[in-house]
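Lettered A, B and C in written order, each chain numbered from 1.
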Amino acid sequence: MVKIRRSVAYKAFVKNKAGLFGAVVVALIVIFGIFAPLLAPYDPTAQDIPNRLAKPSIDHPLGTDQYGRDILSRLIYGARISLVVGILSVLIGILIGVILGLVAGYSGGFIDLLICKIIDVLMSFPMLLLAMAIVAILGTSLVNSILAVGISSIPRFARLTRGQVLVLKNTEFIDAVRALGSNPVRIVFLHLLPNIVSPIIIMGTLYIATAIIMESNLSFLGLGVQPPTATWGGMISDGRAFLRSSPWVSTIPGIAIALSVLAFNMLGDGLRDALDPKLKDEQ
Amino acid sequence: MSRVLMRTLRDLFLISFVLVSFSSVGSTENILKARLLGNISTIDGAKINQVNDHVIAENVYSHLVRYKPGSVDIEPDLAVSWTISRDGKVYTFNLRKGVKWHKEFGGFTAKDVKYSIERTLDPKTKSPNAGDFSLVDKVEVIDDYTVRISLKEPYAPFLTVTLPYRAGWILNQAAVEKFGSEYGLNPIGTGPFIFDRYIPGTEVVLSANKDYYAGPPKLDRIVFKPISEETVAEIALERGDIDIMYFRSPEVYQRLKVKKGIVVEEKTGPGIYSLVFNIDKKPFSDPRVRKAIHHAINKDQIVKYILGGIATKGTNVLPPNFLSYTEAVTQYDYSLEKAKGLLREAGFGEGFKTTLYYSQLSPWPLVVPVIQEDLKKVNIDVELKGLEHASLMSFIRARKHDFGVQPMLRPPDPDMIFYLMFHSKGTFNATGYRSEDENIEKARVEMSLDKRKAIYVQLQKKVVEDSPTIPLFYLKVLVARKPYVKGHPVDLLNGFWGYSTYIEK
Amino acid sequence: MSRYIFRTIFSALPTLIGVLTCVFLLTRLIPGDPALLILGENAPQEQILQLRKDLGLDQPIYVQYFHYLYQVFHGNLGISLRTERSVIKEIMDVLPYTTELAIAGIFVSVIIGVPIGVISANRRNTMTDFVAMTFAILGVSMPVFWTGILSTLLFSLYLGWLPAIGGGDPANLIDRILHLILPSTAIGMAASAITARMTRASMLDVLHQDYIQTARAKGLEELKVLYKHALRNALIPVITVVGLNMGRLLGGTIVTEIVFARPGMGKLLVDAIYARDYPQVQGVVAFFAAMVIIVNLLVDLAYSIADPRVELS
């Protein structure tokens, strides 16, 4: 008896903590991103070459990179890029993916088949590959990075939405509404959509984490936002040449990425537990 | 003991004996593991225009005359002696007898020389080295071991610069025709090493040519490993995955210089590393804009900090160890006021946007962000676009850029720089510069050393004044090796002299 | 059974064609004239027109499309602009390295992920569970290239135990394996996190089933219950996840190959992008997607063999 009670309490405690931790860190990152110009001690692109590769000190709490640029400032501005790409790309994915999923799920039949096939095709491209191909064609820029990561996330949202719609479609609730004679569009938007909002929010949050990693992959490969704009992936890539003598240049941005992604993951998990008790079964 | 047991023991004994003897055969093989700076594209002598291909080719092919290992003086190779006509236009070579082509492709004769040169000149071959032979009028086979090359005009550096460098590799017609489009990875030469095996991305293996005319090389095999990352190559050298490497990173240089168990050798190279403008494109068509940019770049800072120790500041389109080099050229000191003033004069006080194309090969990626930042200070917004090295070379030579970088490492004759880079027909002309064609041509054919020098001094003054390029720095050639690698002369021209190198453990 | 096989393969075909269509469209979106891109603006007009003809660019787009499909199904993915060799050849040269990396990655993810999942499921809601799941989240949070760089720093530079770069001597199996350890662990870590979570969830599902209670009641030792009964049944969805992970894993090989300077399709792709070698980019992307489709197909088929319930649907 005692054992069960302790484990239930432990479970609740732990989960709450994780979600809370995630929320706090995410909020911090967002604050850093928005208020970057106020918080960053230096211009992230200002070079100070005689002072290059300086170890962390009072002047430069996280040291300087190979051109003398302040790493702390670059880190803060890099948060902007990661957040902007992360959030906007997921919004694109949700916008287009959800609509596709709604249409496919509700219509059924040939339209469903067609859309499913399109989703299958898009999912055959590993996310990074698709993003790279899009950037290779369109060129590198902030907008293209957002588009690239966004487009590669569409199929997943479409699939999720479709799945949810399929489940809901045959419930008594919807039958009742349909019996009342509402037109399909109203049914979809007024009745179906509100019920799938929670899983979408949860998946969206988790996907921001993935999108941040995708962005860092792209900028690591030199296919993301171009220098001298600070990006976390770009900082890691640039710092590789100096790994032996000045390892902080590459290591610190990596910690930033890991931390942000961890935070979004924990937040997503926390949201899942809070918003959708049904999904708790997984735990 | 049972007979079965006895027999098993005997077999085991024999097997281990055989294994041991095989392994000891392996350990007496003299194998050198060397670094290549990147992947090879083709070892077709006529098509080579990048350093990695050059390294392999130099060991597989021979020239008529070649550079003494580690220097830029020449010595006989496939030609044992030669005469030059009075007017400087006709070269007659007496060829070495008894030289064999690799892999049973027969004996070397004068026909091979004629074939090689004509093939390079043939537009169908699309050889990037065709320009080197632009002065060749005809090649005649006098007999099996005598060949005569006639030039349209006398060309002083023909012997000292054209023949010992890339254009001068001698190929075999039967081999080229046999392998067709696959010849690039199945080259046949007369050099000290045979092209044995190529595993893409992993290694290029050369094995000793036992029939080499000067005797087989000391090494049995050279295994070249492509390692494009400088720090990765450094680790590989320290661990013994490679025994020797040419490298370019200032960080690596500083660390290896003081490392026990590694020997670092350096020599000033005949190379000039510049920024190039496409002078047919606005706003670079205006010399004031080019000069402004020249004043805006802090070369001292780049050389001192970013390139710490591996380069010297570039002030002239000719490197310092070239014939006729002079210091009496326009000096572009680092001055933001002068830069801004010139830009305002040219109507670009507000600045403009442009794209700088650069090569991924060290040290360019380290340098260009500083250029970008320097130009930001005069309101020029530079977008950086990095290309793989070989692609960058083709890109700027086809003049697809407005603003780019150009590494130029050639044998130290001023014609190599002026003709190839600044003549309208030069195959390395990345700027479109053409106003000094006449003088460049005059200097080519001038046989008197003093008169040649004088023309080149004038050319230096004029070209630096016009500033179609900005000479940034001259790089040293850097080699790091283990102490047991002996007999290796530092090659100034991208080569790798494998013949005299050996391992002594 | 064979009907199921046929049906599965049959449905993969339109996906493959869809993929090729996507790739075709993608490269037709390149701004600018491909012929100009190849030859440069200063090339004479006749040369440009000739090249357009050679590339088939003067044909209407649907003709180009069918021509492209025809070529691909005959194994022709075009000629690389840089090396002038056929793209298929370039891919085949490096395919073994990418394949062995992907397989090694899956192997690592399974031998790390499954036991962790099992242990967590068995000790759910305890400290062990928490630690394991945190590790799982961390594994997913760290970018592969970063863990790759850090592990190079530790194991190659400071400790000198493992080689830092390359694929190893192809003839020497031990060398190849040594060269695989770091990169496959880098990829495997992220994938193992997902595998662990999935295994845990699936195990929890199964552990509640009646027959497990029965086995326990019968007095079978815990280990046997866990492995012989529970895990076997829990493995089925895990296999699916592992198979689906393949797509993600293949994507992970791209960055890993760069970090560890390994030859492979990822490095081929990145080099092609830097060199603006569009035929090669096109060919590698199509090939990659085709590989994912084939793997998913194989997983579907394996799934049906493992779980006889499947074919009835």
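Throughout what follows, a contact is a pair of C-beta atoms (placed from the backbone, for glycine too) under 8 Å apart; a residue touches a chain by one contact, two chains touch by 3 or more.
Since the model is a prediction, treat every value here as computed from it, not as a measurement.
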item: Chain closest to the assembly centre - both centres taken as Cα means; value: C
item: Most widely separated chain from subunit C, with each centre as the mean of CA atoms; value: B
item: Highest C-beta pair count, chain pair; value: A-C
item: Gap in Å, rounded to a whole number, between the CA centres of subunit C and subunit A; value: 21
item: Rounded Å distance, subunit B centre to subunit C centre (Cα mean); value: 39
item: Whole-Å gap separating subunit A and subunit B, where each centre is the average of the chain's CA atoms; value: 46
item: Interface hub residues of subunit A, defined as touching at least two other chains; value: 222, 240, 243-244
item: For subunit B, residues that touch 2 or more chains besides their own; value: 229, 386
item: Interface hub residues of subunit C, defined as touching at least two other chains; value: 157, 274
item: List of subunit A residues in touch with subunit C within their complex; value: 7-8, 10-11, 14, 117-118, 120-129, 132-134, 136-139, 209, 213, 216-217, 220-223, 233, 236, 240, 243-244, 247, 250-251, 254, 257-259, 261-262, 265-266, 269, 282-283
item: List of subunit C residues in touch with subunit A within their complex; value: 14-15, 18-19, 21-23, 26-27, 29-31, 124-126, 130, 137-138, 140-146, 149-150, 153, 157, 201, 204, 247-248, 250-252, 254-255, 258, 269-270, 273-274, 281, 285, 288-290, 292-293, 296
item: Subunit C residues touching subunit B - in the complex, by the definition given at the top; value: 39-43, 82-84, 90, 93-94, 97, 156-157, 160, 163-170, 261-264, 267, 271, 274-277
item: Residue ranges of subunit B in contact with subunit C within the complex; value: 41-42, 181, 184, 199-203, 225, 227-229, 232, 235-236, 239, 241, 360, 386-388, 390-391, 398-400
item: Residues of subunit B defined as touching subunit A within the complex; value: 229-231, 234, 249, 251, 255, 301, 305-306, 366, 369-370, 372-373, 376, 383-384, 386
